[in-house]
Amino acid sequence: MDDLVRFGVSLDRRLLAEFDRHIRRRRYENRSEAIRDMIRGNLVGEEWDDNKETVGVITFVYDHHVRDLPGKLTDIQHDYQGRILSGMHVHLDHNHCLEVLVVKGRGAEIRKVADALVSVKGVKHGKLTMTTTGKAIR
Amino acid sequence: MDDLVRFGVSLDRRLLAEFDRHIRRRRYENRSEAIRDMIRGNLVGEEWDDNKETVGVITFVYDHHVRDLPGKLTDIQHDYQGRILSGMHVHLDHNHCLEVLVVKGRGAEIRKVADALVSVKGVKHGKLTMTTTGKAIR
Amino acid sequence: MDDLVRFGVSLDRRLLAEFDRHIRRRRYENRSEAIRDMIRGNLVGEEWDDNKETVGVITFVYDHHVRDLPGKLTDIQHDYQGRILSGMHVHLDHNHCLEVLVVKGRGAEIRKVADALVSVKGVKHGKLTMTTTGKAIR
Amino acid sequence: MDDLVRFGVSLDRRLLAEFDRHIRRRRYENRSEAIRDMIRGNLVGEEWDDNKETVGVITFVYDHHVRDLPGKLTDIQHDYQGRILSGMHVHLDHNHCLEVLVVKGRGAEIRKVADALVSVKGVKHGKLTMTTTGKAIR
């Protein structure tokens, strides 16, 4: 299924020794996998810079006792219903909920959903994680 | 339930005008909420710098047709079972899966789980998002 | 010269206590200054996102014994002469030089200069720091 | 002078095509140089994570008409004299100055100098750029 090619990389012996130490620490099986990951990380960054169709994960933590907060957050999610692929709700403790939403669309559209949710009063922390549809990233 | 206090901020009139434009763009209801969010963002950064108990979200995208990959990823999750609060699996297309795991523990421990998953051959993109238990963040 | 205005921020008493601890640690004189800095940091980010005229600092470290390297780096700087406001050269040790260039222009143009320098073989580390002309940031 | 070694990297043909497009855009001469840069970037991050002796560049922009500001900034620099290797001052316009300081020491010490300068009232924007002595980075 894969169509693998091979190419050579030349570098200083000591730089390679440092790299090998680094990838053991990060638990990579071998150098190729670590290098592929660095390459893919750069390509995902470009997908977002170029505002192509991509996937983002919105994470937010809130206190569900804040008046009307759960309702507001649900309303916003309905406004962007077509974009949100899936969601997960975790009860962190008696007060705190963590929600994770997986959103598909152009980078700028996904940011808009994230801004709408994170800016609501009572959301204590929110972040957008930029990932990928995987299609352009082999 | 809240114990609100109020304090004054002095700043240049034009800086305030720029800030008001910025918070409209980011959809904040009012200045206080935008300022609280900036403060909380800094505090979450400190939680992680100081290796306190906190919450992280690990996101990774992979091709589930890669031989043994789903099994390997499940095994690793079992190794860290006590730490993983919850997980979600999204089918992005015929080949690609996105998984999101919510992990609780000290920052360094959560990073270890993320490294173990992201470094597996066949995982195309992976990221750790640092968030919070919410407890220390009002 | 300044045209100061004042507005009130309301927040939870415990969030304020955490914020006060944070700004002491970061050595801010008072809350207003810490808040102005957070606001300005967001505005600088927007300047770059919107590709407005701004200022960047390019930092790179290299071994000046690498054949032709100092000449190549000088040639590139001449190609972008109108944009580079100033430069500084530090002798880190017998082999290593650190150079810092202050570059003015639209964000995308500054990035181009940085890419041209950082990608040269023999440059060990390079980074673009996004800052500001200060004009729009009060 | 260099002690070069060579190793092979295997990856999907289409990932390689994407990578080649990416490195042309970023102006790299060849794949080895782009890969060496990604490796070195990770190692510099580790130097700072591990609080080893390293080099940082502190950039800050301020209005020199703010009362006492130039004097305060100079005093702070004297407090940390042994650590500051070199400095540069750029007159951005009639009001605004940009200063760049190159600082050597453990990561935590360099951050302390940066915090002391960036937190002064009247400094409009400040940043610490993490770079390296170059010694451990081949």
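For reference, chains read A, B, C and D in written order, and residue numbers begin at 1 within each chain.
Just so it is clear, a residue touches a chain if its C-beta (ideal position, glycine included) is under 8 Å from a C-beta of that chain, and two chains touch if they have at least 3 such contacts.
Remember, predicted model here, so these are calculated numbers, not experimental data.
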Q. Would the interface of subunit C with subunit D count as same or different, where same needs over half of all numbers used to appear in both copies?
A. same
Q. What whole-Å value do you get for the distance between subunit A and subunit C if each is reduced to the mean of its CA atoms?
A. 26
Q. Hey, how far is the Cα centre of subunit A from the one of subunit B, in Å?
A. 9
**Q.** Per-residue multi-chain contacts in subunit D, two or more chains
**A.** 40, 137-138
Q. Among line, ring, star, complete and other, which one matches the pattern of chain touches?
A. ring
Q.
Please output the residues of subunit D touching subunit C within their complex, sorted ascending.
A. 1, 23, 26-30, 33-34, 37, 40-41, 44, 55, 57, 59, 61-63, 65, 85-88, 90, 92-93, 95-96, 98, 100, 102, 104, 115-116, 118-121, 123-127, 129-135, 137-138
**Q.** Residues of subunit B defined as touching subunit C within the complex
**A.** 2-16, 18-19, 22, 25, 31-32, 35-36, 38-40, 42-43, 46, 136-138
